[in-house]
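The following pair of complexes shares a single chain, chain A, combined with chain B in the former and chain C in the latter.
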Partner chain A sequence: MSEELTFWEKLARIDRRVFYWILFIGLMVPFIRPLGLAITVSPSTRDLYEELRRVQPGDVCLINIAFGVSAWPECMPATAACTKLLIRQGAKLIIIGPYYDVDLSYEELKRRCAEDFAKLKYGEDYVYLGFYAGGEAVVAQLASDFRSVFPTDAYGTPLDELPMMKNINKATDIRLVLSSDTGDWCSYYIRQWRIPYGVPLAEIGIAMLGSEYMPHYRAGILFGMSVGVRGGAELEKLIGEPADATIRMDAINISHILVIIAVLLGNIGYFASRGKRR
Partner chain B sequence: MPYPTDPAGIAGLWVAWLLMLMIYSYPLYKENLAFRFAEHTYIGITLGVSLIVAMTNVIRIAIVPMLQGKYHYIIPIILGFMMYSLLVPRYRWVSRYPIAILVGTGFGLGMRGVLIPNITQQVISTITPPAAGAGAVDWWNYIYIAIGTICAVMYFVLTWEHRGGLGSATRLGRWIIMIGLGAYFGNTVLFRMAMLSGRAQFFLQVLKIVPM
Partner chain C sequence: MSEVLRREVVYLITAITTIIMFVEFFFIGTWSAAEELRTWAIIIANIALGLGAVRLLAEHVRNIQRRRAGVWPFSIWLIILFVVMFLSGLTGYAAKHDPSSNPVYNWLFKWPYTSLGQTLYAITGFYIFSAAYRAFRARNIDAALLLIAGCFVILTNATVGEVIWSGIPVIGRWFLDYGQVPGMRCFLIVAAFGMLAYGFRALLGRERGFYGEVAGE
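Right after this comes the complex of A and B.
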């Protein structure tokens, strides 16, 4: 014969699927009706923004798109905001990526910065070199010889035929690197670009990487850092163009409130029914 | 991406929408046939795309230059083929050579830049006090990080038994590590929520409830 559960025990045993449904539906609300919660800018994002503002016309910057399509909500807003800022500073861009779906991410980046890219000429103001494989070894090789990793751009044009790439072949030709990633790629650039060649480096990472790279930012190895979708929202605020991340932050806030409520309910149920179990 | 107007684009969007729901049917309902179908479709497509991109990349950076006269590019190609000996138990030993080269190269390159960013700079950063004019928060961070780092490192000192003064320090170190791991986990949850919010947005976009 089954024992009847008390209210507290029921609370501790709510089916997790109930929470998943509430979460999924709750996340949709801000997209339909944005809450417009305030966004404050963290020092690491501000430092990133300030350094990008110091880029001079003609400086060549490397954007490493090291995230897949699934991480677009996290990484793309900040990457797009930084790309817009660099284009407006007159920088020349080299875009590369170590993920198989980098072509999709590149197209999405161009779509989000369509007005800015429309003013640029491919090959003179920006180049897309596409996918590269090989992890840290290739990042090291890139630092010493671009052409051995990318004999051509993503469309098959030899690098020497691209006017922008005429005098660009090694790390010291690059003004700064933005590594937007979901894994270890920033570490590779720290070890193979930042430390040996002193190339300024910033991280635009998923939220998980915030804890990992904060010591590097505090130690001055990274000149700035954007953490997750929040970093994206901060950058959108700094460039004065609220977009995807700003709306998404409302959804993130709601999700966190729901998580906190779930944690509280679970713990209240656990502690309240603990005495009975004893 | 604006809402597609061509039939292929619209069909693609709805297929993606349906596959997404099939995948989410697992956490929202339970394991079922639709979930398994979507899961296998996803794995198959990912593998296919990966294979094509990898092959294209090998042709672009190795085979084409080799055919253009850079004959030394044959070496990495041969090393790559040697990896396939893993599939034949009798000749599996052949694959150890390219693996040894990969591991050795990776380790050597990794070590090259480890010392300065991960040890030297971190020690300097930890012991350097805030600059003049720093606020109370900066000083709190400085003290917290300095004490936290020392105590967390002491937790891994296993030469002596953790008793007395060392025991107190290592206990504090354990708490610091737990706080750090908690923050790491919190950021992990934040990341997952951001990804989920992307899907929630896509769900609404396909239904034209919110613009694309």
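Right after this comes the complex of A and C.
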């Protein structure tokens, strides 16, 4: 016959489905009543913003969309905020991506920055070169010869027929790179663009990448960094346009608080039941 | 070609490629052979994409033929979707040089794929939540320290931390700046030395795993 569990033992062994429901209900709260807590800007995000503000009209910037649709909630808000800022600074944009669904991400980026893109002319102010495969080798090749990787843009127009691309063919023609990713792509740009050519580089990544790239930022290799949804919310605050990331910060706050409470409950139950066993 | 000779050829190609890429890194733009090699690498990577698709189909056709328990119905589903996506994209490309010009392809990519991708990613949050409850136990002093640091960092990343107490982000930042960054830096430097050692071993033909061989064989 099984021994009946004490209250403390039960506290240490709560069924996982209970947590799923708690989180599910907790995440609904911001939809019913938004918290709207103040967002303070971290130094890495501020540095990213300040450098983008120094971009001059006509400077060509590369945006590497290295995330799939699943990472839109984390990466897209910051990418959109940076894109808006670059367009307002008068920069010319080259947009590329190593994920097969980059077309969807590009369309979503344009949708989120619709007002800004409406003022631009394709081929003169921005180009979309589309998908590229080949990992670090292709990033290295892009640095030395754009046309060997992208003879045409994503719509089949030869690069030489695009006015903006006339004198653009290598890393040194690019003012800065924004690598927005969920994996190693920023490392490839560090090794193949930043170190050999000195091209300024920033990372817009999922929260998990914050710890990976923080040493690079602190060493001055990255001029700035946006970490996860919070980075997006900070950028939205800096450009004065609260959007998706600002709304999502409520969900982040609630879920993080719930995690802390769950961890505390688990430990209280663990210590109380251990003390009782002794 | 004998097995030994074939192996030597592989070592030689690797050694020459490594030397070209290594030298080119320090004398940028001086060696067009390096650019040529990188172009080959890109071509091979693109061929690998097609090869991957063929391999995927072959694997799932085999599952169906062998009626692998619990797998073969999903293999049928995968092949059906594969064919639908492939043909709809191909017809779109044939019509207007743009796969997304086919509304079926566009719809499948835009709605089911996007929603499912984001849902799958979001579900991990639920697992992390329950895993944190079960795994984050202060069983010893090391685990307790990790737990305390983890809680401060969690509350630092969420804005609610500083609402609870203004000292939380200060302590959290301290853990990040003086704990995480130096630790990660050490890890990166050690990994870089490891990569160097691995590269030299591969160059000298001592790293057999690189060639698809098992050490000692």
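Assume the second predicted complex is superposed on the first by the 274 of 278 C-alpha atoms of A that agree within 3 Å, B and C clash if a C-alpha of one lies under 4 Å from a C-alpha of the other, contacts with A are read in each partner's own complex, and residues count from 1 in each chain.
In this section, a residue touches a chain if its C-beta (ideal position, glycine included) is under 8 Å from a C-beta of that chain, and two chains touch if they have at least 3 such contacts.
Bear in mind that the values here come from a model prediction, so they are computed numbers and not experimental data.
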Which of chain B and chain C A:111 touches, first, second, both or neither: first
Partner chain in contact with A:41 - chain B first, chain C second, else both or neither: neither
First (chain B), second (chain C), both or neither touched by A:228: both
Touched partner set for A:257, first chain B, second chain C, both or neither: second
Which superposed partner A:28 touches (first chain B, second chain C, both, neither): first
First, second, both or neither for A:73, with chain B first and chain C second: both
Which superposed partner A:101 touches (first chain B, second chain C, both, neither): both
First (chain B), second (chain C), both or neither touched by A:197: second
Touching partner for A:11 - first (chain B), second (chain C), both, neither: neither
Chain A residues contacted in one complex by chain B, in the other by chain C: 20, 23-24, 70-73, 101, 132-133, 135, 137, 140, 148-149, 156, 196, 207, 211-212, 215, 218-219, 227-228, 230, 252, 255-256, 259
For the chain C and chain A complex, residues of the former touching the latter: 25, 28-29, 35, 38-39, 41-42, 45-46, 48-49, 97-98, 100, 109-110, 113-114, 117-118, 120-122, 125-126, 128-130, 132-134, 136-139, 147, 151, 154-155, 157-163, 169, 176-177, 180-181, 184-185, 188
List of chain A residues in touch with chain B within their complex: 17, 20-21, 23-24, 27-28, 31-32, 70-74, 100-101, 108, 111, 131-133, 135-137, 140, 148-152, 156, 190-192, 194-196, 206-212, 215-216, 218-221, 227-230, 248, 251-252, 255-256, 259
Complex interface listing, chain A residues touching chain C: 14, 16, 19-20, 23-24, 35, 37-40, 68-73, 101, 103-104, 132-135, 137-138, 140-141, 144-145, 148-149, 155-156, 196-197, 207, 211-212, 214-215, 218-219, 227-228, 230, 249, 252-253, 255-260, 262-263, 265-267, 270-271
Residues on chain B engaged by chain A in the complex (per definition of touch): 1, 24, 27-29, 46, 49-50, 53-54, 57, 60-61, 64-65, 105-106, 109-110, 112-114, 116-117, 121-122, 124-125, 145, 180, 183-184, 187-191, 193-198, 200-201, 203-204, 209-210
